[in-house]
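Listed below are the structures to be examined.
Look at the two complexes coming up: chain A is in both, with chain B in one and chain C in the other.
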Partner chain A sequence: MANKKVSVWTDIQFWRRSAAWVTGFATILLIWLSFDTIGQITMGTNADLKNGVDKRVPAATVINYHIDYKMNKKRGHEVPVIGEKQLFFGKEWSPKDAEALLRLGKLTEQAKNCMDCHTLLGNGAYYAPDLTKAWLDPAWQKGGPMQGMTGKNTVEEAMAEFLQHPSQYPTHARMMPNLGITAEEAKGLVAFLKHMSSIDTNGFPRNFSKTVAQFKAGDTNAH
Partner chain B sequence: MNFELFTPFTDVVPSFFGWLNQGPMTLTIFLHTLIVLPMFWIYFSEKKRLQKEQ
Partner chain C sequence: MLTSIKTNEFRGDKSKELGMMYFRVALILFGAQLLMGLIAAIQFIVPGFLFELFDFSVARMVHINALVVWMLYAMIGSVYFMLPDETGVETVGIGLGKLAFWVLTAAVTVVVLVFIFIQVGSGTETSIWLINEGREYLEAPRWADIGIVVVVLTFYWNVFATYMKGKQTGIMTVLIADLFALAGLYLAGMFFTDNISMDQFWWWWVIHLWVEATWEVFVGALAAYALIKIIGAKREIVEMWLWIEVLMLFGSGILGLGHHYFWIGTPEYWWEIGALFSALEPVPLVAMFVHVLYDWGKEQGKAKAEGHPGAVMNNGPAMAWIVTNAFGNFLGAGIWGFFHTLPQVNIYTHGTQFTAAHGHLAFFGAYATILIGMMYLGVQYAYGVKKLTSTFKSKMAIFLIVFGVLGMTVALTIAGYEQVLVERAELGGGWTAFFAAQDLPWYIQAQVWRAMMGVVTFVGFIYLVWDLLTIGKHAKAAQAAAE
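Moving on to the complex of A and B:
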């Protein structure tokens, strides 16, 4: 009886049970993974920033700090480093105001459909430059061509100026169209970009804003 | 850049899946083991049932 020849592979019950097991296991795994992700992407608090607690997504008040981009040898890529306090549009923003500004920026980003051309955190298009780390782009820093072009003295003011009159400034061959962004919306957008640059994206986008020469020399813009 | 199979845990927020996913193969091997092993049991229990039925 034990050695009787049977065909398990052609038995419907075997496949039914296997499919049920794989589907059930995958379902439980995905539910677990979803909850695991919540912990990873939950925004930090203002207290975390003050106490130097690293969060993948820092609180909105991160706009009050200087954000640097440094090579982390251990992780093998660049990571945002939140540094000293830094005024944003000439003032320090309270947690409530910072959140409101960031929210305005997010809503504007959605309303103006930036992702039609740009990429944000891996979502969007590559018709225009990747905005994930745009705040850290050397072109917008002091002495950079983008800041010089607008005639402003800070990254935030230069970005806000550009966003309000994008079609006035010769940037790429594919120039950004004028989207009717107001001064207040531009402020929000810049806050949104600064906050986004402080998000730990495991080094995405790779080789951020490296020039061809830098890339060949193995150099990096992370200082 | 680190292309080793097993790399040290460097995630900002520690998690079980983060720990499992530190190399390109670790998560894959773990999940396949978990999925395939019970299928052996399903196979043999079905075989036993079929032999009993005949």
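Moving on to the complex of A and C:
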């Protein structure tokens, strides 16, 4: 065995070289794909929104628009649809103010540690509902139980009210704790949630969100 | 394990002593991890438990951070332990290594106290710098991140300089390259962005490329070292296998990162890339399993043929944990990982109790096991024991911990199925769908079982600590009596 090669398959040198090549190749491919992906998930601009250019992650000013989540026949799953202008907390936000609000929301999300109970984009903890499309959840819309409970008239106001006093609006024995969220921080969080719901997540969550009433009635959703 | 602080038998091997210091803290943090897990598990079934005092988010944050940190401690400890054996020289910067140990331990203590007592901050950069970064597993505030980087650089310099000075074995060469990547990846988690997609994109670089690439290769190197040390496996064979493992682990694991890029805003091509490469990830885990058992059988057969009938291994409990590692890695990461790695499945299972089932068995099977094995190796040498055999306590420890974690995994898998089918498939996610699934009787039953199996795990942990504290002393006394 000493210096005569019996077979390449038992040759350490061969495996070491192969390991180095394969690792190098995989790394380069990953870096190359990452550049492409980063380009695609960089936030769009306010101009993109005005011109109807679809971005996977739209600009912060998307909070000034109506957002929906609709089946797209071509892609075979639901995608966010950005619609008409819509007031957010009773006004239209300038790009600068919208960006600042989103930033406050993201900072608050981290500082209050939302992800150790909830999932965002499906990542995090599994103690509380996924927040990816929370903004679009029927429970928060007009006539939905959450909006009804807070006694507010818009999704954003209902959410902001709940976030400031969550344990005053329990829906289940498992409640969200009071995290000391201020009125400003709550607005930021709602902007963050609305922005997140406009991200193109390749159809996750799927079939969002049949109601429990439909389920209980045995509705098949067939039309 | 404790007596060895003063009266150890390392005979001047300062590096092994330093390794033991890391092992001791690792064990304490492991205990803290389990206690926090129990609190969080109880909160699933008794929601009012410690509500607004010590909420689920706090317990869970400490649970998973203690997990990551104890494993890093035990990994550093293992490297200091094996360094003189592999390089043939004394570790160059012991003083610096000790200083780094105390700095790190002080920093970890402060971070944990802040997590427990301050818990959350206001929505400002200051909170992220001083209190809590709020990104799962990487919650440590930024000041601590920087401290960790400095300490890890010191550690790396120590390992690298010793490597350059001494023998450069294949195992050490793999470790040097692997630790460099492992440390460097941490930097990818150290910045703030208001774009949640970008945030999660880089977050997975740290989490996935740690546990499914660099940590796995680290385990490969540890197992190689341990097989040589415990059963006298032949270095040529072990090192050749190690390179094959590196090839397969990095070849599949690096691009396997794509299985986390299905739904976070990233483009569709990750469906194919993530599915293909992550589906290959179990292959090296099978290979590692075969390798450990094959080597063991081979050495045992050789000894028998040479007329030594007894067991070849000189450390029973360490070997038991390493075999558990080979199987647990394959089961937890390989099988449970493969279950949900295709996008067609993952669109439903993503972020459910199913994920938690996999997370538990994988972290336990792939990492906790072998690191516990290294602790037993440490105890053996700290007491100068030639042959360490399992005691009743060692057996209770491994049985109860393995049984407990398997039980938790099965319970969570059942809870996961319930949640996937009802919340995701039938009701399509959403707020009310989530609670409809959480209220299902079978789901609640599964959560109760998980909590009970958690208690079993914890009892096993008590046996483990008890054993590690006593096994060395008794074996040493028995050895002295026999001589």
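FYI, the second predicted complex is superposed on the first by the 203 of 223 C-alpha atoms of A that agree within 3 Å, B and C clash if a C-alpha of one lies under 4 Å from a C-alpha of the other, contacts with A are read in each partner's own complex, and residues count from 1 in each chain.
Everything that follows uses one rule, which is that a contact is a pair of C-beta atoms (placed from the backbone, for glycine too) under 8 Å apart; a residue touches a chain by one contact, two chains touch by 3 or more.
Keep in mind that what you see is a predicted model, and the values were worked out from it rather than measured.
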First, second, both or neither for A:D200, with chain B first and chain C second: both
Which superposed partner A:G180 touches (first chain B, second chain C, both, neither): second
Chain B versus chain C as contact partner of A:S18, first or second or both or neither: both
First (chain B), second (chain C), both or neither touched by A:Q40: both
Partner chain(s) touched by A:L29 [first = chain B, second = chain C, both, neither]: both
Partner chain in contact with A:G76 - chain B first, chain C second, else both or neither: first
Which superposed partner A:R56 touches (first chain B, second chain C, both, neither): both
Chain B versus chain C as contact partner of A:V8, first or second or both or neither: first
Broader residue contact with chain A after superposition on the shared chain, chain B or chain C: C
First (chain B), second (chain C), both or neither touched by A:S94: neither
On chain A, positions contacted by chain B and by chain C: 18, 22, 29, 33, 36, 40, 56, 200
Touching residues (chain side chain A, partner chain B) in the complex: 1-2, 4, 6-8, 11, 13-14, 17-18, 21-22, 25, 29, 33, 36, 39-40, 54-56, 72, 74-77, 200
Contact set on chain B toward chain A in their complex: 1-2, 8, 10, 12-13, 15-18, 31, 34-35, 38-39, 42-43, 46-47, 49-52, 54
Contact footprint of chain A on chain C as seen in their complex: 40, 43-44, 47-48, 51-52, 55-58, 60-61, 119-125, 127-128, 131-136, 139, 170, 192-201, 203, 236, 239-240, 243-244, 246-247, 250-251, 254-255, 257, 260-271, 273, 347-348, 350-353, 355-356, 419, 424, 426-436, 438-439
Complex contacts: residues of chain A adjacent to chain C: 10, 12, 15-16, 18-19, 22-23, 26-27, 29-30, 33-34, 36-38, 40-43, 56-57, 60, 99, 102-117, 119-130, 133-134, 137-140, 145-146, 167, 171-175, 177-180, 182, 185, 188, 192, 195-196, 199-212, 215
